[in-house]
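Chains here go by letter, A, B, C and D, matching the order in which they are written, and residues are numbered from 1 within each.
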Amino acid sequence: MTKSIDLNCDMGESFGRYKLGLDEEVIKVITSANVACGWHAGDPLVMEQTVLMAREHMVGIGAHPGFPDLLGFGRRNLDCSLEEVKNYVIYQIGALQAFCQAHNTRLQHVKPHGSLYLSMLEDEDLARTVAEAVAALDPSLICLTLAGAKNRNMTRACREFGLKVAYEAFPDRAYTKDGTLVSRRNPGSVIQDPDQAAERALSMARDNQVLAEDGSKIPLEVHTLCVHGDTPTALELVKRIRGELQGAGLKVSPLREFL
Amino acid sequence: MTKSIDLNCDMGESFGRYKLGLDEEVIKVITSANVACGWHAGDPLVMEQTVLMAREHMVGIGAHPGFPDLLGFGRRNLDCSLEEVKNYVIYQIGALQAFCQAHNTRLQHVKPHGSLYLSMLEDEDLARTVAEAVAALDPSLICLTLAGAKNRNMTRACREFGLKVAYEAFPDRAYTKDGTLVSRRNPGSVIQDPDQAAERALSMARDNQVLAEDGSKIPLEVHTLCVHGDTPTALELVKRIRGELQGAGLKVSPLREFL
Amino acid sequence: MTKSIDLNCDMGESFGRYKLGLDEEVIKVITSANVACGWHAGDPLVMEQTVLMAREHMVGIGAHPGFPDLLGFGRRNLDCSLEEVKNYVIYQIGALQAFCQAHNTRLQHVKPHGSLYLSMLEDEDLARTVAEAVAALDPSLICLTLAGAKNRNMTRACREFGLKVAYEAFPDRAYTKDGTLVSRRNPGSVIQDPDQAAERALSMARDNQVLAEDGSKIPLEVHTLCVHGDTPTALELVKRIRGELQGAGLKVSPLREFL
Amino acid sequence: MTKSIDLNCDMGESFGRYKLGLDEEVIKVITSANVACGWHAGDPLVMEQTVLMAREHMVGIGAHPGFPDLLGFGRRNLDCSLEEVKNYVIYQIGALQAFCQAHNTRLQHVKPHGSLYLSMLEDEDLARTVAEAVAALDPSLICLTLAGAKNRNMTRACREFGLKVAYEAFPDRAYTKDGTLVSRRNPGSVIQDPDQAAERALSMARDNQVLAEDGSKIPLEVHTLCVHGDTPTALELVKRIRGELQGAGLKVSPLREFL
């Protein structure tokens, strides 16, 4: 059987006059788009445009909810209560659902953004809170989280509320022997070489494994690869990765088609 | 046949630590709530609480979208394009729909807020734009607009996109002989006397007419009366009006039950 | 020599249509006002009004900068960099200085708000960053911080940058034997009885000591007492405290007059 | 005597992760920077960076206050009261003054942004309100407004409150025979050809006249030319214009040096 893999990318991060990302190009190469919902990035016009582009290119649409912090792009931790996060997530997903509804398409997945995404890996109650909110809105939504050792909270939470979970890996990031990401602060944490990144993408997607920084091969269950489209170089890398995967006989398609 | 009348009130206008309105009390007396969606007022926690209260008291839930102007409470005109308004409205209605969905209830109506509401009376293109957006989200939603001579744009727009329209009148406001509201700047524009306001409410609801400032009786098709709940006095007036209507044999019930 | 004591209160926390606090009454009883600068609370109109009221009643004006989190009222920790906090503080103090300038008065002090205030007690680098920013704007500004064991970072930082520091105590809060505040989550952490609070205020102001929850008397260097004005009851307590202090012969006056 | 001319450009419009403009390059070529103050664009970190860059290159620093509308970049009219505009302007100028103060430099001018700038040309009360606010903060500040027939309100208002006024012209925009700008909606309203734009700049700066679209030469009192730096092409044009002016023997220098 042909193995399938999804390529996901953060999109719709422009805001008013501020443009971010090469969305019009990236959309042609990826299979799932994580769409900002206006709190850490994005605005209603951008959301509509992104939904229309995704629909046209048959890309799976995901909500990408974040903290209410446009100034910090949702990357700074904000010490919210569970009650707050629950309702912030419902609000943002609902807003994006409306654009899908208005344009005759529907949401495929939810991937929390930035600091919220990271906090959910560490905080079991937060993971349960978000999973419960997602399930209350639409139990067919797929939750996207980190592949590897750190996804236990999310996996358990999604199972509890009957949600499918998809694991994502990062072809351009170094991994520790424990299967977690090497901190961006460390030298060598980001893989610059396109050949190497493409090779790692293939290893992740086809073999469910990644070469750790200590040289060991570690297993990693992967359904989707997270790629970037904020620079021409990043875009080239996505194309390169997609070519590598397809050249090896993998099917590059949205999560909803194989999960 | 018993005549029905709806009582609508703006609700869910609190924001973070800022409290506005006596929502917990008002909700028991009205039949339809216009819920702020976080742009000119309201926040996700308040939206959830308001939806839960409305559900408990079987009050019809309406989206109350406004301009992105928390500082001005949505009352200042903002010169937006049609494209902008369309997507702002979709975003806000969608966010509120999500709270309804998460709590197993659904939206009944849409009533634009403040300056947006007023602009739609004057601007036919704007009225069409909003009606089209509402219909794209849920064609069973009722659009709430002003009773009287000024609702032609809204009536036509709703008809074009297959939406039901509900006309609202203001028992505590003076009317010109043309059936429009006397400007708040004019003396006597707000009816202070509870007896008089209750009497006018009954005349509007039962007889579909209102006494204009020049003493003439003018016809006014009315489905819902707009009331206020931001002060103890305002709350008392709503109770008084409800008593008057029920005492005269009218059925006070949400729009969805009779429109 | 007559001992002096200042009474400080957070003010100017209203925003747009949202009203908070009984500022018009409180201003007559206190001697220093901590004025919100539009980020966690307050807006330009409220800032102007508050400056005018403070000037009229010869109340010392202080900037009350907070995190950019109106939704959370600046009470949620936001994980900002030192660079960010430095510039956020400069921005907010500058905005308030302009209202002082426009109305021929000047700033007396700076008291960071909420979560920023608390973080500065724990984080030496943060304390230094804020002190340096304040000194760069106006080295005659007084920095307001917590009386007791926890003010070491702030004291050192103010000394380093040549700023005067004022210590504040809370007459309506219980203290541990270490001279720190009992957490609000603990029973008995807030003193409800006006007599007791007034007595504690006097003990703090005149004797520089406070009765800890274990019954021991602990020394506490105090220049100003923090009081509240958000409810009629709170306002009564301030009046009661002021009466108690003056009855005992203390001079209740702004920090600038005795520090 | 050598004639002087200033080149002004909007700067500091980036916000958080959103980058706008080639500020690091433009700053080397212009003589006055209009710095966004965080309401329609800009943030405290960007403001500090811009002030530091301007100081380093001896560029005059101007406050560029706008409506509270980041989403619309301050380009949409917001129907504010005079009281609101007055305080919004004081707030924003004050915030920027603080960065100047913290870095041992000072403001040179004020140029309102976008829709506020345009409204002040039409509305005499608004012009007076802003001029009064500026004068209350610092009567040595220069007010920047449009050269030509439309500046009467601003000129009168500045005179009334003792402020210097500087007139700006647009080398890359077509002018009507009445000396006003041809609307951007009209074909030919923007001069694309660099040669032509540079030539017009020289005519404006040296001869105080401009060639109108009907071929007539109209007089135009000009102290500063407004240029753009948001694209590499725009930046090239600024360099070209500066070269043309200097080649003709004009002195390109900040307003404060010759006004």
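Here is the rule we go by: a contact is a pair of C-beta atoms (placed from the backbone, for glycine too) under 8 Å apart; a residue touches a chain by one contact, two chains touch by 3 or more.
Model, not experiment: these values are computed from the prediction.
Novice: Give the chain pair, either B-C or A-B, that is connected by more C-beta contacts.
Specialist: Comparing A-B with B-C, the pair joined by more C-beta contacts is A-B.
Novice: Answer with same or different: of all residue numbers used at the interface between chain C and chain D, are over half used by both copies?
Specialist: same
Novice: Between chain B and chain C, what distance separates the C-alpha centroids? Give it in angstrom.
Specialist: About 42 Å separates the centre of chain B from that of chain C.
Novice: Taking the mean of the CA coordinates per chain, how far is chain A from chain B in Å?
Specialist: Here chain A and chain B have centroids separated by 40 Å.
Novice: List, in ascending order, every residue of chain A touching at least 2 other chains.
Specialist: Within chain A, the residues that touch at least two other chains are 71-72, 84.
Novice: Residues of chain A touching chain C in their complex?
Specialist: 68-69, 71-72, 76-80, 84, 115
Novice: What residues on chain D touch chain C, complex-wise?
Specialist: The contact residues of chain D facing chain C are 38, 44-45, 47-48, 83-84, 87-88, 90-99, 101-103, 133, 136-138.
Novice: Flag every residue of chain D that touches chain A in the complex, lowest number first.
Specialist: 15-18, 20, 41, 43, 70-73
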